[in-house]
Each structure stands twice: as structure tokens, then as C-alpha cells.
């Protein structure tokens, strides 16, 4: 059954020197970039890249982002960011994230992002665009 | 009564060219910096700067950040970020934010951040540090 | 005489917490943004904004950037960035910069950027575009 | 002979969505981070990491950075950044860089950075620190 399909991906985070703040930990505002890296990895794995949206003249802006920081990342750590697609019937793209420290499997951060679809003039699309519905079918989500 | 005290601040956002993405709008991951600018403005207004925390050897890391994006900001806009202190008896610092487009008073973004207190070794402090309690008294919050 | 015209501008730098690195000083890669802020201030003062280039379908990409770092900036400092237009007969936009610590007038950084003109397809323009030549005349540079 | 020793490294650049500006190309101020990534790769290959400097209480700040931008990078490209150690008898660390588009081997950018050594109080060290001299010997540079 489609509901059972779980799409997920992960990638290593390479912490940049400039992402670490005066306190010696990754600055909290850096994480949206790591989450974006995860969406990239997801898109690459399942054939749904930013470039595709651009070609289709569709924006998929983030309208909601919730981040819970549980443990700071320090320079030199090699964390993983994991992303999981949350299936929804609404015209939304929902992802859940975890950043994990592989040295002890501690969850350092959890997050959720919600994206909607807009046309070139920033009008909200109430239905998911055709290319996206096709993609959902192709990966077994509907 | 202390509950009635409302502490708030605001400042103009100067949108940098590099904060705008390929889609012509401010990249969603830029906003944590704008929220931090607002906390800075708040701290400057009410005498509670980052420097103070550093002197006291206290971290106040963000443990929760929720952002709702309602309308994209574009290059050339001159939005305001408004910050309001949310009083809490817990050992937490809670702020609510709004980013407003002054041209039509539209709310472009709302957000909340929650900070906790940690010592130099990243141990959570269950009680707010003394300097912070003093500050709360000095501004009429307790 | 036109050669004698000196166009310059300056603005205060507000050092963001996230621009400071683990070493407690502004990360060296932050400075291009400060220089861009200075170009913005220059453009605002003399009527030559990015928006104008966009309207004209002209890119003015930086092709050369040289930065000499003399003294680190620390969080809490309130430096000034000064920008000076370097007149040139070539189809180039050249700026010199200084970042100064007003507390002792020390020069913390000097820099130069060179921009060229390109059309929408990234073809180099060998002559400055008309709107730019008009602007140079209007401010007394030719 | 030592002079003949050439130390170099390279790594793939993963262009982030947020590193691309309104013009559709990587923002010029992003490149210092790419150069830093290259230094990281160099350090990892030859055993000379930032962490080492921190342990030794030595700063190695960049005092000079020169970048020549030849061809813009666009989102979706997979460029390489190449770094080469420039041996010097002075108490300096000099690197040359090239960013190359592997699709046609075009050089998109060249750069040079110069670093000096400082102690914890930002005093310039006129001689390279011992750990660094040892490192140079260990890799055949002296």
C-alpha cells in the first residue's frame, strides 16, 4: 500500500570553520543550510531536484520551519543529516529531519519543514503541479 | 503588575544582495540572522547584550526555533523586524517576532525562539543565572 | 576638472554574532559582504543601485578582489567601511575600500574590487553601457 | 631537493542553493568558503588541520587574499577547487588556488591567500611555530 512507502535519505555534514560561532559550536542559523543539503540529497536520490522546479516555473518555498536543537555540534564532528518524506494529501511538501552524531547515535537536532507550491507570480497553488503528482506516482507515494 | 510589562523592540532590516536567492526573494535560511539582529536590538535597548553572557561565562543557546513564512521579502524592500519578550517562570528566554512590510503593514513572517542557559561545559542550568534574574527585576518583569 | 572629482561614501558596520568565528574575530570571508554594503551605500548616495543594473539587464560582476587584512575586527567593535570610486577610462568599475576602527583611527583592512559589464548572456561588454556613462557625467566624473 | 616538492590537493565543490545570487551565479563572496574548503582538504591530506592550530594556541589568520573571477559558476555545476602549497622561507603560509569546471577544463577562478602566525593575543610571530616547522620537514618541504 502507498501509505507504507517510506522515502528517506541521508548525508554527511561537513562542518565548515565559518559555521562555528564564538562559543565553539555550530551557529544555530547554519542548520537551515544543512536541512537544505538534506533535501538536495533526497532530490538527487529520488529524482526531484531544484532545477526541476525551475524548469517547471514553480516555486516551492518553505512556509514553516521548526527546529529543535538538542545537542550542539562542534567543529571536527562528522554528523549525519537524515531526511524523511512525510506523505500528505495537501498540496504541500513535508519533510522531517534528524541530525545524528554517529559516534554515539545521539540525536542532536530534529526539524520539520513544510513547503507549498507557487507560480512565478508567487500565487499559491491549491493543487500540486502535474510534474510533482507524476513524481509521487513514480516513487510509489500514490 | 509584573505580568503587564511588555518589553519589545524593533529595527529595520537591510536586505543584503547576497541574502536574496535565485528566485529573487530572501532565502529562508537568512531569517535566523534577522531574528538575531532583533535580539541584538532588544538587548541594546534593555541592557542585555551577548557580551554580558560571555562575561558571565553563560551560554544561552537556542533550543527551539519556529518560523512561519507568510510573504517573501524581495531585494529593495525595507521591512521591520519586531521582537517581544515572552515572560516565563521557567529558566528560559522566549521571544516572539514579526517581520512587517511597512508599505502595507503586512506581516511577512512570525517566529518564536526559546533559549536555555548553559554553563561553559554545556550543562543545562535549571535556574536562570543571577545576572539574568537581576536584569528581569531591573526591567520590571518580576 | 573631472579628474579631480572624488566620490566616496562610508557606513558603519554592524558586526553580527554569526560573522565572528571560533577565534573571536570576524571571519575573513565575511568582509566581501561588508564591501558590498559599502557599494550599496555608495550607490544610494550617488544614485547607482543594483536595482538599476537589473532594470537595464546588465550584470556588473566582480572580476578581481584584493583584500589586505591588517587588524582583526572583534565582536562589539563599531568599525566604519569607507569606499572610494577609482575613475578609469576602461569599461570597468573600480572601488578602493578601507575599514577603520574609529576608536583609534586604525586601518583594519584595505581592499580593491574591479567589476566589468556583462549582458544577460554573460558576454563581456567592451564599452560601458549608456546608463552608466550618463551616470558618470551626472556626477562629474567625465 | 626540497624545492621540487609540490604539495597539492583538490576537492569537488557542492554548490548550495543559497550560494547562488539573484543573477543565477554563485555570489562572489561565497568563494572564500570554497577556498577554505580547499585548505581543509589540503590539511586533511597532509596532516595540518585547524584543530592543530587551536591545540597549539596559534592563529593563522589570512592577511592577504586575491581572487580573480574568470567565469561564473552556476547552480548545478560540479566544479573542482585545486589548492597548491607555495613554499616560502618567510613565516607565512601561501596557497594558490584554481577552480576548474571539469566539463571543459576551463579555469573559472584563480586565487592566492597568505596567512601569518599569531599567538593568542594576536601578536605576530616572526618565526613559524615549531609544530609547523616540524610539519614542513615531515612532508619534505625543508
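By letter and in written order, the chains are A, B, C and D; residue numbering begins at 1 in each of them.
Here is the rule we go by: a residue touches a chain if its C-beta (ideal position, glycine included) is under 8 Å from a C-beta of that chain, and two chains touch if they have at least 3 such contacts.
What you see is a predicted model; the values in this text were computed from it and never measured.
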Far-end chain from chain A, centres as C-alpha averages: C
Between B-C and A-B, the pair joined by more C-beta contacts: A-B
Centroid distance [mean C-alpha coordinates] between chain B and chain A, Å: 24
Distance between the centres, which are taken as Cα means, of chain C and chain B, whole angstrom: 30
Per-residue overlap in chain A, given as positions that touch at least 2 other chains: 17-18, 22, 29, 33, 36, 75
Touching residues on chain D, where the partner in the complex is chain B: 17-18, 20-22, 24, 27, 29-30, 75
Complex interface listing, chain C residues touching chain D: 22-23, 25, 28-29, 32-33, 36, 54, 59, 61-70, 72, 122
Sites on chain B touched by chain C in the complex: 14, 16-18, 33, 36-37, 40, 50-51, 75-76
